[in-house]
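Letters A, B, C, D, E and F mark the chains as written, and numbering starts fresh at 1 in each.
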Amino acid sequence: MAQYDLPLSQLREFRPNVQESPDFDGFWARTLAADPAVSATEEPLENRLSTIDTYDITFTGFGGAPIKAWLHVPAGTNTPLPGVVRYGGYSGSRGMPFNAKYAAAGYAEFVMDSRGQGWWGSNLFGGTADHHTDAGAFGPPGPMTKGIGSAETYYYRRLITDAARLMQYAAGHRLVDPSRLFVAGGSQGGYLTIAAAGLAPSLRIELAGAMPDVAFMCTIRRGVEITDNQPFSLVADLLKAAPHMEDQVWETLSHFDGVSFAGRATCPGYFSVALADPTCPPSTVFPAYNAWQGDKDIEIYPYNGHEGGGDVQTWKQLGWLADR
Amino acid sequence: MAQYDLPLSQLREFRPNVQESPDFDGFWARTLAADPAVSATEEPLENRLSTIDTYDITFTGFGGAPIKAWLHVPAGTNTPLPGVVRYGGYSGSRGMPFNAKYAAAGYAEFVMDSRGQGWWGSNLFGGTADHHTDAGAFGPPGPMTKGIGSAETYYYRRLITDAARLMQYAAGHRLVDPSRLFVAGGSQGGYLTIAAAGLAPSLRIELAGAMPDVAFMCTIRRGVEITDNQPFSLVADLLKAAPHMEDQVWETLSHFDGVSFAGRATCPGYFSVALADPTCPPSTVFPAYNAWQGDKDIEIYPYNGHEGGGDVQTWKQLGWLADR
Amino acid sequence: MAQYDLPLSQLREFRPNVQESPDFDGFWARTLAADPAVSATEEPLENRLSTIDTYDITFTGFGGAPIKAWLHVPAGTNTPLPGVVRYGGYSGSRGMPFNAKYAAAGYAEFVMDSRGQGWWGSNLFGGTADHHTDAGAFGPPGPMTKGIGSAETYYYRRLITDAARLMQYAAGHRLVDPSRLFVAGGSQGGYLTIAAAGLAPSLRIELAGAMPDVAFMCTIRRGVEITDNQPFSLVADLLKAAPHMEDQVWETLSHFDGVSFAGRATCPGYFSVALADPTCPPSTVFPAYNAWQGDKDIEIYPYNGHEGGGDVQTWKQLGWLADR
Amino acid sequence: MAQYDLPLSQLREFRPNVQESPDFDGFWARTLAADPAVSATEEPLENRLSTIDTYDITFTGFGGAPIKAWLHVPAGTNTPLPGVVRYGGYSGSRGMPFNAKYAAAGYAEFVMDSRGQGWWGSNLFGGTADHHTDAGAFGPPGPMTKGIGSAETYYYRRLITDAARLMQYAAGHRLVDPSRLFVAGGSQGGYLTIAAAGLAPSLRIELAGAMPDVAFMCTIRRGVEITDNQPFSLVADLLKAAPHMEDQVWETLSHFDGVSFAGRATCPGYFSVALADPTCPPSTVFPAYNAWQGDKDIEIYPYNGHEGGGDVQTWKQLGWLADR
Amino acid sequence: MAQYDLPLSQLREFRPNVQESPDFDGFWARTLAADPAVSATEEPLENRLSTIDTYDITFTGFGGAPIKAWLHVPAGTNTPLPGVVRYGGYSGSRGMPFNAKYAAAGYAEFVMDSRGQGWWGSNLFGGTADHHTDAGAFGPPGPMTKGIGSAETYYYRRLITDAARLMQYAAGHRLVDPSRLFVAGGSQGGYLTIAAAGLAPSLRIELAGAMPDVAFMCTIRRGVEITDNQPFSLVADLLKAAPHMEDQVWETLSHFDGVSFAGRATCPGYFSVALADPTCPPSTVFPAYNAWQGDKDIEIYPYNGHEGGGDVQTWKQLGWLADR
Amino acid sequence: MAQYDLPLSQLREFRPNVQESPDFDGFWARTLAADPAVSATEEPLENRLSTIDTYDITFTGFGGAPIKAWLHVPAGTNTPLPGVVRYGGYSGSRGMPFNAKYAAAGYAEFVMDSRGQGWWGSNLFGGTADHHTDAGAFGPPGPMTKGIGSAETYYYRRLITDAARLMQYAAGHRLVDPSRLFVAGGSQGGYLTIAAAGLAPSLRIELAGAMPDVAFMCTIRRGVEITDNQPFSLVADLLKAAPHMEDQVWETLSHFDGVSFAGRATCPGYFSVALADPTCPPSTVFPAYNAWQGDKDIEIYPYNGHEGGGDVQTWKQLGWLADR
């Protein structure tokens, strides 16, 4: 995939109008107020490692549903560490317990299972279902369009709330120094990172930073229009079959654009983007970066696709985190 | 797609062992006994046609959930006609009201909306959701694997029950001659046709015939092993990510194989199969045909893929129906 | 296929220069004057339907060649009805007799077999050959380039004349109300619809409307330049092998552009277009719409490919027709 | 494309039953007797070469139609040379005049234009049309299926007759030593080579040898069943759309199988075949080789696809020819 | 990719004849005797982790060339640990320093850079060149065919020697318990694992175990014949262009088949294989497993492709290692 | 591939800034001064042709390495002829001796083997290795990126020097008229043609003309950014894996851009370009044409891909050469 999108000089200034519901803040305030307390159980897991301790967490997500997560810390940790809450890409689960790079670098690393996902990559420990009455709504296969008929029933309302709850839980955790809490993730995980950072102020959480990579769900309508890749294309698929739903779909999505969340984020942001990314086109990512309200920086990978910077970006993140 | 599967001479005798739960009959008896009465509402729909009358039906499917269907009859019909209950392919909805070939030929044609599907083809009138707590189970996108962790929670338990309920409803309908009731459909619709025919005796419904085309979900394990096409491949995708679920998955599916249903069907069967079908390989279809207990015939399309005989087969069906 | 073409705002105003032969009108006048009378035979066909009567028509097309068509009417019709003449897409035949949506809605529906085509879709009743000495001219496979060495020998000269003859035949048919005659079709059928409407005034036929969907053969040169999809790409294939023919090819095609026909059409036009259509790019369709001389409207399907609006558009057409 | 077909040890003994019309010999005798005399015009062509002289030939093919060909000889030739008649692959023309490898090696090289083809490769000098009333018969694009409704009207009846006529013309040419006349070609050209060699005895031509490479149209029905590649797949495409034509199609083709011609060929044969050829599968080629009645040898390219041995095989042919 | 290869029951007994040079043992004895001593430099690397220490190693590989490797150990390690030498897949480098799962589990983990590779995946620290005069031999791109004209010059002679040298170095390392040294790797790394295990006895190294996943370069000729995937297909590509080299190529490869090495391996072996692997077909892997001389076990992933068991297999390996 | 690049009107004026090292001329002067004398051996080859004599040449290329080439002349030539030095496309070898179109037209035709290439097309006589210590540098498979870490070690430094040496050798050859010496080639051969023409003045060679077709390696950075096709994409692949090398790579390539060489070429240039070429995009070719300093003309193939004008362009070249 060559550099098919806007040239970099335009991307740096690209601030298209993104449809945002006038009720955006109200919608999220009501959503987060519904069951504000997060509770969790935590069980030590035999992770077959000698350098990392892992806890198997089940916390209360949207609607109080049980959501799985990992907490990884350097072996023997019993005092607060800086923390990283990590969210996963579309299709993935919380993964295997030995994938714990931030913990290996000395952080308390929380990893969230995405409800109803986990069908890609090794998944012996995931399996969080989306036990919600709208999870079986008709539409193209995959969570992307489930319940898209209204903001209240849309899948990402539930997933973002899960993400916010885990952030809240981490912020209050005995092994976390709340003044050095970060959120991170790639693709859908990048979107949840931006959403969590955007909601943090209203939850009175002061994040030390957010690290969204090749973030999904930003400048959504443009994404649906210019790429054939899933998951954006699933919205197009829905509207192919049911064109009468178009206004309704955009109205729903006007409560979910990553650009809207970015415009409410105040912590430092460390983004990455790939100029040949066919899944999360750079012209959908840059508007979120450009809207970000905190200090910010962005790593640009001119030749990469949706894999983005991969381990190179992780390497840079470890440096960025260490400086904070 | 060339003729990649077993040669026709072997297909005609192909009767592989298909895993069938010893509790198969008990499972279905319990399932169908759970909420045995079917009720429905029926509203005339302005279908923009002069030769066909259409009724918009909402009937009680599995768990009493509301399921949409059409009833099409020749305009002005008010006395009983022979009936055809038609089930749809994976991804489809009940479609637009002017797709009513059996009604155009003088039948009372019922068309079921498949819950949670309808993302392909024009769908202004579908949208039946799968409002069940297991509809959001983790797994590869699409209903194929939803709830596959147990026979009780598996998606096709609900869909087959819906299909049986609509057959029951049709059998008692004022515009249907119950001695001339048929079931029909292609691909997933062919599977539901076989399942409905296999369950009919236990529901004390005497069908006049069943017409399954290029039927899906027969000889399931072989299907999962030899084709890369969806939906069979979704089971492989699940087991790639979660290999520890393999026994559990086959145990679940041992309650759902079309071959098991075919072995319980006693009405006349008029099958079709395509020898170059990469989605429902002929070596998965023939075992169902070979197991069928009633009179039977099969049309073989040597060069076609999953489109099967298409309108040619419809043409032949109209002849076959007229002879019954 | 994403929205790869011009943005909608530009499409609405897109009126590129289209090469039109100065002899355009003379060429078509001479062509249509050559054998102006159309005659036909009509045999009732056992169509296996109870609500529709079908007649098997053989009419005299270009050069007096025998061309097949259907006439479908509501069963028992013996007085004039509004009529629809339907033309088919590239590769198709007149199809099976139960595909008769306009007849089901109360119209006298004529369906033309495209000479030399019919290799896609069920075709038990088609098979009209292109018995013309230029049908075997060298060139990429398919009628698109046959005889393209001159306007006189080009395939579409014959096909358009066939289309005009069937329109003439329908206009004088005993079961048709000539004041309510429509032409319709998708893709190549959309092109023939536009061509028939453009030629109607010179044939002294006053059409009540034309309904071209995702029309082919408009803004031809642009189509050849911007899409890799057949049939447009076949012209590029010819010019790859025989670049010395380029001027000759464009000269021939300057007698055939749908935009030229649209500029001569005066009846009401009801178009549809898909913004992600890779076969008939929206920027080739809009110039025809923009050139249309009669009242007009266009349905835009932003996310669909060449399937266009499909049954949704049919549904809308039934409403549009009923209002006329 | 890996070695997907039968293993070599089986191929060497593979002699499947090939359907052959009982009237095979009568059909070809009648065909060749229809207009037995071949006449031609010959014009020197400025070929821009200093080492080769080229003549532009127009000879009378099937039905007396004008067919183009080249004659290339070493510059200044005016006494008889050994001759090679070369036939081209499906889609090709006689090509540009500087493609004359046999002439460069000292042979009188005739190259036939395939009527109705020539859409691939540089073609400034081809353009032979198939001016026959059946050339526009309905069917999948391309000559492969044109007129396939009967042996009399089938395209290859005409093309094979053209090939035989050019062989006859070459055999009597002033610059050819008739005791050293060869036929050659690849793919469709290999088929025509086999056909010409098979017909030569009945035309009282004693060929010095035949060199068919990766020959097409042998063991035809197997080819249609096991490969998805054009041109074999076009027969499958026809039968997908028009399954009622199946018996008729096989009856027609029972007059055209390369295996039948090979069984009548008595001159030395020098074949080549590629074991990974997806277009002319080795299991369709070997039966023709195995049926060949003259001395024979075959070069096997285990890893090549339809390109076969390419220039390596040409190199070997030049050695083989020199030894004869 | 479905299960396209032999059925599992046959795979378990599959022991095809694999061409092995009569000089196999002599060839490797001479190769390893050439520069038997391995020396290395070791520099601590700032790896941005708190739980792992990393050393940047440069050791003397084949011909004394400098080869890069990592040594990862739990932070602060200064007494011997059990060791794992890990080899990488075709195209990869030693990777980023935080990919150290065996070290995280308490092992001294060595990771070799594959000379001349490293073009896939994040590679900030690799870049070992193949500084050998035969590295630029003509042939299809990639190391697979470089120098394949003779066993002496073939690329894998150098790479296997590098692998053996690193194993020797690890066996004598101050942080390694030589009685608990393992070798491991996937794909090409699986091949090097088998090769190292096969050579270990002659180097007087007693390995505690070998863990080859989806191993490449076993039953090589079959691999070249049945798959189209790189790297096996590169041998076919070479022989397509240069068919005269065939005997020479197989002679060279008769010194390199993984099955030959497996037949000389005496340590415990823990294999994995995927039944839908198109790159290293299961029928090429099983012969190596079946030939293995030590205790052995194999994990079978029926639905996976070349990714094999992925992290699931790593999880199982950590258990297997802990039991030894 | 449609016309995806800039419109022709812009291409004709397209003169983007191309990064050129300030040391460009110094670098090449030093390179060519290193071993300025070219020497060669020449053996007559039995080429199996009667009209052409072929000599098997081994000449001293970069670093004095032995490089293979052909010399083809009309049979019996022993006095000077105009000469053409032909360079080959990426992946090819000098080919088989009967591919000698310029010799057939009366020229002394030299054909260079590209070191380390020759993996595509029939290659019984090639096999020139790239015996250089940097030939095995790490990087994506293929010569494109070998040694790209510096201008001194980059593959194309060696290949261009080879090309210049053969041009020097030809210019002094006993069978060549030095006042009528041409260089020619397509794709990579087109690039070498431009490079040879650009270096000729500094080597005091006065070329009579250069004929670059669909030239590679012009406007390199743009090529890497806009196409996914090899070989340009290999640079992107390298930078995906090793983004830290980006500046270094562009610095290296600033010594190699075809546009820089074109700006130094003073002989007549006869270019060709294809507007749908996905491998050497027209917007990379035109800047070289636009920079050319001598008389010039360009043939434009609007519909062709990387095959360009093929034999049609050869035909035109023979005319162009004859006029000079």
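Everything that follows uses one rule, which is that a residue touches a chain if its C-beta (ideal position, glycine included) is under 8 Å from a C-beta of that chain, and two chains touch if they have at least 3 such contacts.
Predicted model, so just to flag it, every value in this text is computed and none were measured.
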- prompt: Under the touch criterion given at the top, what is the topological distance in steps from chain C to chain F?
  reply: 1
- line: Intersection of contact sets, chain E vs chain F, gives A, D
Task: Identify the chain pair with more contacting C-beta pairs: B-D or D-F.
output: D-F
Task: Specify the chain most distant from chain B by Cα centroid.
output: F
Query: Any idea what the CA-fit rotation angle from chain B to chain C is, to the nearest 5 degrees?
result: 180
- request: Please name the chain that ends up farthest from chain D once chain centres are defined by their CA atoms averaged.
  value: A
Query: In whole angstrom, how far does the Cα centroid of chain B sit from the Cα centroid of chain F?
result: 63
- prompt: What whole-number Å value describes the gap between the mean CA coordinates of chain C and chain D?
  reply: 39
- prompt: Counting in whole Å, what is the centre-to-centre distance of chain A and chain F, each centre being its mean C-alpha position?
  reply: 50
- line: Within chain B, the set of residues that touch 2 or more other chains is 121-122, 124, 237, 244, 309, 312
Query: Should the pattern of chain-chain touching be classed as line, ring, star, complete or other?
result: other
Query: Which of the chains are touching one another, listed as pairs?
result: A-B, A-C, A-E, A-F, B-C, B-D, B-E, C-D, C-F, D-E, D-F, E-F
Task: Provide the residue numbers of chain A that touch chain C in the complex, in ascending order.
output: 224-228, 233, 236-237, 239-240, 243-244, 246
Sites on chain E touched by chain F in the complex: 93, 115-124, 126-143, 145-146, 237-238, 241-242, 244
Task: Can you check the complex and tell me which residues of chain F touch chain C?
output: 1-3, 276, 301-304, 307, 309, 312
Chain A to chain E touching residues, read off their complex: 48-52, 74-75, 95-96, 98-101, 103-106, 121-122, 124, 309-312, 314-315, 318-319, 322
